[in-house]
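Each of the next two complexes has subunit A plus one more chain, namely subunit B in the first and subunit C in the second.
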Partner chain A sequence: MERSRLIQAMEDILGPEGVIHEREQLRTYECDGLMNYRVIPDLVVLPVNAEQVQKIVRLCYDEGIPYVARGSGTGLSGGALPVESGVLIVMSRMKRILEVDLENERVVVEPGVINLWVSQEVADEGYYYAPDPASQLVSSIGGNLAENSGGVHCLKYGFTTNHVTGAEVVLPDGSVAHLGGGKAPDEPGYDLLGAFVGSEGTLGIATSITLRVLRKPEAVRTLLAAFKDTEEAGDAVSGIIGGGIVPAAIEMMDRLCLEAVEVAVSPGFPDAGAVLIVELDGPEAEVENQFERTMKICEDSNASEIRVAEDDAERALFWKGRKAAFAAMGRVSNDYYVQDSVVPRTELGAVLKRISDLGEEYGMRVANVFHAGDGNLHPLVLYDGEVEGEAEKAEKLAGDIVFACLEHGGSLTGEHGIGEDKKKYMPKMFTEEDLDTMQLLRCAFDPHYLCNPGKMFPTPRLCGERPGPFRMHPVQKAGLAELF
Partner chain B sequence: METRNVSPEKLREIVGADHVRESTAADAVDGVEPAFVVEPGSVEEASEVMKVAGEEGLAVVPRGGGSKMGLGNPPRELDLIVSTARMNQILEYVPQDQVVRVQAGIKLEDLQETLSESNQMVALDPPETGATVGGVVATNASGPRRYARGTVRDLIIGIRVVLADGTVAKAGGKVVKNVAGYDLAKLFTGSLGTLGLIVEANFRLHPLQEASRTVAVEVESPQAAFEAVRAVKKSQVEPTAVELRYSEDRKLVVVLVESIPGGIDAKEEMVSFLLKPSGRVRTLSDEEAGRERSSLSHAGEDATVVRISAPPAELVGVMESVLGAAERRGLGHPEITGHAATGVTYVTLSGGETGTLDDFAGEVREIWVRRGGTVVLERAPVELKRRAGVWGPPADSIGLTRRVKEKFDPRGILSPGRFIGGI
Partner chain C sequence: MTERNGGGRGEDRYNATDATERRGDEGTFREEAMAESIGAGSPEDVGQSTYAAGDSVRQTVGIGRSTESGSYTFPAFDDHHPPEKDLIDDCVHCGFCLPTCPTYVLFGEEMDSPRGRIYLMNKGLTEEPMNDQMVRHFDLCLGCMACVTACPSGVQYDKLIEATRGQVERRYERSAEDKAFREMIFQLFPYPNRLRLAAGPMRLYQRLGIRDRLRKSGVMNRIPSRLRAMEALLPDVPKEEKVPEVTPAVGEKRARVGVLLGCVQRVFFSPVNAATVRVLAAEGCEVVAPKQGCCGALSTHAGREEESLNFARKTIDTFENEDLDYFVINAAGCGSTMKEYGYLLRDDPEYAERAKAFSEKVRDVSEFLQQLGPRAERHPLPVTAAYHDACHLAHAQGVRQQPRQTLKQIPGMQVKEIREAEVCCGSAGIYNMVEPEPAEELGERKAKNILATGARMIVTSNPGCMLQIQASLKRMGHDELPMAHPMEVLDASLRGEPVETLLR
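Let's turn to the complex of A and B:
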């Protein structure tokens, strides 16, 4: 289909205000939160309801045009990176909260609704939405669903997938299906919702999402503990978890990270080799008791200082320092490359040592800020993009860190997703049979390989289905895929 | 039904002569008897067995402990039962990581016993005894603790399966937080042996709580039961389970709270306070509490158990619709049990003509499907299953469900006909 005719067809669906086709405007959408990769889409469309999404997808399906759905564009793995000669479907205008049903602890939203709005909507009644990615001020529920977003409190409360109970989705053939029920539990049939959440936009587009909201805990206690180094801080983490305590969050920052955060937002953190932030929540009596045990464990692990948040303001200050960590890197380095690997908790010490060794080997600085409770590391490789070859070197170092984590029984990514960024590493974690089996699911959902093609998997294979007159698939034509 | 000439020789070569045996009546699935029962001892053997089945087009039903073989439509055909009984090892367990990797054939209670030595558990407590981990995953079995900890989908973090053609594939991993690749562990959860043979599963674990109390309130009506459930649910006491036991002579809402020794009294007091307006409240003895935690009734083999999933706030409506539909058909007062705060209710009916039970299920199904729920015959005489259908009308995702089945099992040899929509 010629571009001008495609624009016309999209304008017929969305009106002129729903279609962006001027090159300069298209540039706004050339990347998501991972700015190393940039592709200018052919066209950006902004639907306002499910019918429009369905028509857009149907048009793409009929014409064989690849497309990518995008929420707020805060993803860190390039999952919402546009595809060349493709359409970018921006969901941010679908931002209504459709239903609040607290008797059944559920809220139904459109995908463009911002994460934090959900908690704000139900806060007065004493409820909240648990998944809290650091981006929650701006990231959308649709994007959270696609990436199965985590957050600092997922140690106790789980991830997006544990809090999404239903979704209306437009499938890649333009049909609509309701996955997971949403009103009642245990819908019989395959858990297609479970497969859909975290599929990084490769299986379809959610147009309405049912979320589970929780009663706010009675008590919340937060402490900050300073240690000589990450090893001693790691001992404290093991002590807490090993003691049968399930904190709402345990976060760790190392010296380099603390320095950057101090320059950026001045939270007044102690001068230390590592800092832990531990938060407990739940019924009052339980939390008090466990909080005392937690402090004791930190003391026994040689904490040089323990601060207890006396009120919400002080707690907010602790978290401000933690949540500013990524952004703060800009104050100590021109550029940084972030990884998201996970290791079994008991391997943390060994892996941190290896990361430090690798940093020395490469002659590069690596800052560590991470979700210590669940072993999810965020090593930040600092570099200067202006210096020839530095970016490549940083990426290579980051890759070596990923491999080290896999060797210790871990995963490529805990919450940022595979996207464009880590697909080349997938064969390190999964066998060809594993990946082919995942592809079976892909082919059931998206037989023409049009829905966010080229993401997540290293060598996209097509599903061998060619309905209608044969034409070479754009992806195949570009040499990106082979039929099997 | 087509009968195939199954030659056991190839199977014996793979697993050894001792582990292929001719079936007996006890191996029949809903009255359909297989030719052989095969017990592979490893993933490799399981893969070879499936390869043979795939090449010869043999219909296979996987079996774990066999405690829930009655779930599902009668199979359209059945040649082999592939049992995971010999694959019963714990493969990896580092208590400090709070993660375990096991073979599918390990019995859940055996696994729990080992984990309890390190004060941990897989937070799954289905009522069936003898169930294997693979069976629990394949049937999505759950128990009272689901209120606090969720179901299999919330606890499984990795899986290894053998597909219909013998392909061995894994997904997920052995870390709790992991978004690499499609979440096939969830896809296989509750898939009832129709997508592949589950051979390994990895779970996140929870610490065992040091102290627990079970508080019960005697209620007089569905409304009072609902008020009790609602009061606890709206509070901040964070119970582990909120259960309903409602029969003609015993009408209880039972709340399990767990905590540390220093926190348990306060929790018990708070729950008692919350339940008081609904009726007489008492804390159960350990022995009584143990009995109440088993969520299925102790009705006989021929009993019919209907599972109703409905929006949790509709508990009164669920109970009244069941009591009304039963009474009108002379079925007496059925026992209504379930995970009251989650919207999952089980109705146990003893006896009754097939036609009457069919009418009953039809009426209840009509009401709750219309209101966003589902009604499944969890256990029922074959005759009733054939007549009423086990799963009820499928959702609008059924086309997609069929495509998934066709991709994973193109020849349709895995548990044919047992699942929703005749899959």
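Let's turn to the complex of A and C:
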């Protein structure tokens, strides 16, 4: 389809105010939270309701035009990176909270709703939405769903997937499906919702999402402990978890990270080699008991200072410092490259040591801030993109860090997704059969390979080229895949 | 069903090209006529002649010949103070600034967000031209600096947008009517006497009921949107409460301070100035109010570089030799600009040092009073007030607690927080006159949030916000809600006046 005709067709669906086609304007959409990859989309469209999304997708399907969904564009793996000659479908105007049903502890939202708004909406009634990515004040529920985002409290409460109970989805052929549940907890049949959560926008576009909200815990206690280095802090982490305590969160920041955060939001953190933030929540008595024990374990691990948050304001300050960590890197470096590997908690010490050695080898600074409780590392490789070759070097170092994590039995990503950025590492973690199985699912949803193509998988295999073990696929031959 | 931050505003969103299209030939004619009538001569104002801002800079720099609107200049920026690459590079594209940016809240578009604008600035350095699209997105920025507060990476968007605006004014040729309208604003607002004259006749015809008749006859609806916005914004001019050139301190003297009277402040809110001076004196300050001109805030925020620098120099000249400990400012927009003089005049060998020294002594009045510490007795004022953060106070100067503190020190005073406090009310300097549609939407959004607090009155520290919120409340049929500057409230408390004086 000719571009001008496509613009016209989109304007017919969305009105002129819903279609962006001028070059300068399109350029602001050429990358997401990860600036290393840039592609200028052919068109950007801004639907305001599910019906418009459906019409857009159907048009793309009929015309064979690839498209990518985008929420707030804060993804860190290039998931919302546009595709060439493709359409970018931006959900930022679909931001209504559709239903609040606290009797069933559920809230139904449009995908452009920002994570934090959900908690704000139900706060007065004593509820909150548990998944709290550091980007919660800007990232969209649609993006969270697609990335299966997690946050500091996922150690105890789980990731987005544990808090989404249903979704209305426009499938890549333009039909609408309702995945997952209504009000009853368990649905018979395949767990398609489970497959959709974390699919990074490759299986369709969510147009409404049902979330589970929780009652705020009776008691919350938060402490901040300073240590000489990450190793001692790591010992404390092992001590706490080994002691049978499941904190709501345990976060670690190293010296470089602390420096950046201090400049950015002045939380007044201690001057230390590593800082842990530990939060416990639950019934009053249990929290009190465990909190005492946690303090003791920190002391036994040579904590040089322990601060207990006296009130909500102080707790908020601790978290503000933690949550600003990535963005604060701009204070100490022009650019940064963040990895998101997960390693078994028992390997933390060894991996951190390896990361620091690698940094020295490359002569580059690596800052560490991470979810220590579940071993989800976020090594931030600092570099200056203006200096010839630095970006490549940073990427290579980041790659070596990933390999090191995999060697220690780790995984590629904890919560930021594979997207464009980490797809090349997928074969390191999965066998060809594993990958083919995933491809099959993808082809079932998106047989024409139009929905966020080129992401997640290393070689963009068309659905026509059936991968090995599944060459003769009866389900698809029979056209049953269209049923999804 | 609830709608957050504008909800699905897509359908009725303000269309970027609408405003220009809607203004027909009639509009052009009227605006030009108005510009001419007000722009002529300036006999009554203190000092300060005016400049064809763009031209003189263009000559000094010698580059950046602008072209007709519709075509473009490449690359967008030349090397006379472009948005600095170093500052642009501080942006890590995290998006944390998006939800507090009023234009992103309204339109949900990347290029109308701080992150998008910074991206455009970057592209404008080498890769993209200055054309209508680009300028449009810079123009739509309110300059509210909410993004500066929100940014964990410390991006100095204030400096970036100021540099960008300067480039736009020099290198981009606006349409004739746009130019005329802007010129009229800048021939009017920085000059209290002209402003008073311009607002005066309005007041007269208000009294005669002409406005109501015009409205009923429908003629008003055909007046171009910008003029209509301006008309709706300017209230009656109250009888001027003059401020003496020197007011002695009450009791033991703690400081000798100069006060800026402001332009809009002086014309529409002269009681605020009078209250400020009384409060400062009561707290032990000798207060000096020399004959003075505009501080240049409006021009600075609009990128009229040469004009703004001249206002800044004149203001420094006026105050510098008065032997003052501090320059105390009661209008947020003026204060933020004066704190920036050092940066603005950094290239001027004659003024650079002086401007820096000057800026270091500038304080917002609440900031200053908290620094000084309360001394005079506060009498009770039993009332609940919603405090509205002026962007140029909260975001640009980081002054949030001090005005609240000032109010809370008054016995009986309850201070209510306004939801979405960090989002601009849409006033933003000249914004509500040049971009009336989004400004109106923001104004009504703010008014709704204010009404939701259930407070008996509104307190805020900027004349622009007062005009904007007043106009919005009025449009919504709520003009009964009284409004005051923190200094008027404190003044009432110090003088032991009954709370009713504030609620009239």
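Everything below uses one rule, namely that the second predicted complex is superposed on the first by the 463 of 484 C-alpha atoms of A that agree within 3 Å, B and C clash if a C-alpha of one lies under 4 Å from a C-alpha of the other, contacts with A are read in each partner's own complex, and residues count from 1 in each chain.
Keep in mind that, in the parts below, a contact is a pair of C-beta atoms (placed from the backbone, for glycine too) under 8 Å apart; a residue touches a chain by one contact, two chains touch by 3 or more.
The structure displayed is predicted, hence computed values, not measured ones.
Novice: Specify the outcome, clash or fit, for subunit B and subunit C once both structures are aligned onto subunit A.
Specialist: Superposition result for subunit B and subunit C: fit.
Novice: Thinking of the overlay built on chain A, is A:18 touched by subunit B (first), by subunit C (second), by both, or by neither?
Specialist: second
Novice: Once both structures sit on chain A, report the angle subunit B, subunit A, subunit C from C-alpha centres, rounded to the nearest 10 degrees.
Specialist: Placing subunit A at the corner, the angle measures out to 140 degrees.
Novice: More residues of subunit A are touched by which chain, subunit B or subunit C?
Specialist: If we count touched residues of subunit A for both partners, the winner is B.
Novice: Which holds for A:181: it touches subunit B only (first), subunit C only (second), both, or neither?
Specialist: Only subunit B is touched by A:181; subunit C is not.
Novice: May I ask you to decide whether A:96 touches subunit B, subunit C, both, or neither, giving the answer as first, second, both or neither?
Specialist: second
Novice: On the A-aligned overlay, A:49 touches which partner chain: subunit B = first, subunit C = second, or both, or neither?
Specialist: second
Novice: Under the stated touch criterion, which partner chain does A:444 make contact with: subunit B (first), subunit C (second), both, or neither?
Specialist: In the superposition, A:444 contacts subunit B only.
Novice: With the two complexes superposed on chain A, say which partner A:112 touches: subunit B (first), subunit C (second), both, or neither.
Specialist: second
Novice: Please work out how little space separates the C-alpha atoms of subunit B and subunit C at their nearest point after superposition, in whole Å.
Specialist: Here the least C-alpha separation of subunit B and subunit C stands at 20 Å.
Novice: Go through subunit A and flag every residue that touches subunit B in one model and subunit C in the other.
Specialist: none
Novice: Note which residues of subunit C are touching subunit A in the complex, please.
Specialist: 1-11, 13, 15, 89-96, 98-99, 104, 108-111, 115-116, 119-120, 123, 128, 131, 133-134, 137, 151-155
Novice: What residues on subunit B touch subunit A, complex-wise?
Specialist: Residues 94-99, 119, 140, 142, 150-151, 153-154, 161, 163, 167-171, 173-184, 186-187, 189-191, 195, 206-210, 233-238, 259-260, 262-263, 265-267, 270, 307, 309-313, 342-344, 368, 371-374, 376, 391-392, 394-401, 403-408, 419-421 of subunit B touch subunit A in their complex.
Novice: Quick one: in the complex, what on subunit A touches subunit C?
Specialist: Answer in residue numbers: 14-18, 20, 22-25, 27-29, 31-33, 35, 44, 46-49, 72-74, 90, 92-100, 110, 112-114, 117, 121, 135, 137-139, 263-265, 324, 326-331, 334-336, 385-386.
Novice: Any idea which subunit A residues touch subunit B in the complex?
Specialist: Per the touch definition, subunit A meets subunit B at residues 101, 103-105, 147-148, 150, 154, 158-159, 161-162, 171, 175-179, 181-192, 194-195, 197-199, 215-218, 238, 241-242, 244-246, 282-286, 289-290, 342-346, 371, 374-376, 409-418, 422, 426, 429-431, 433-438, 440-445, 456.
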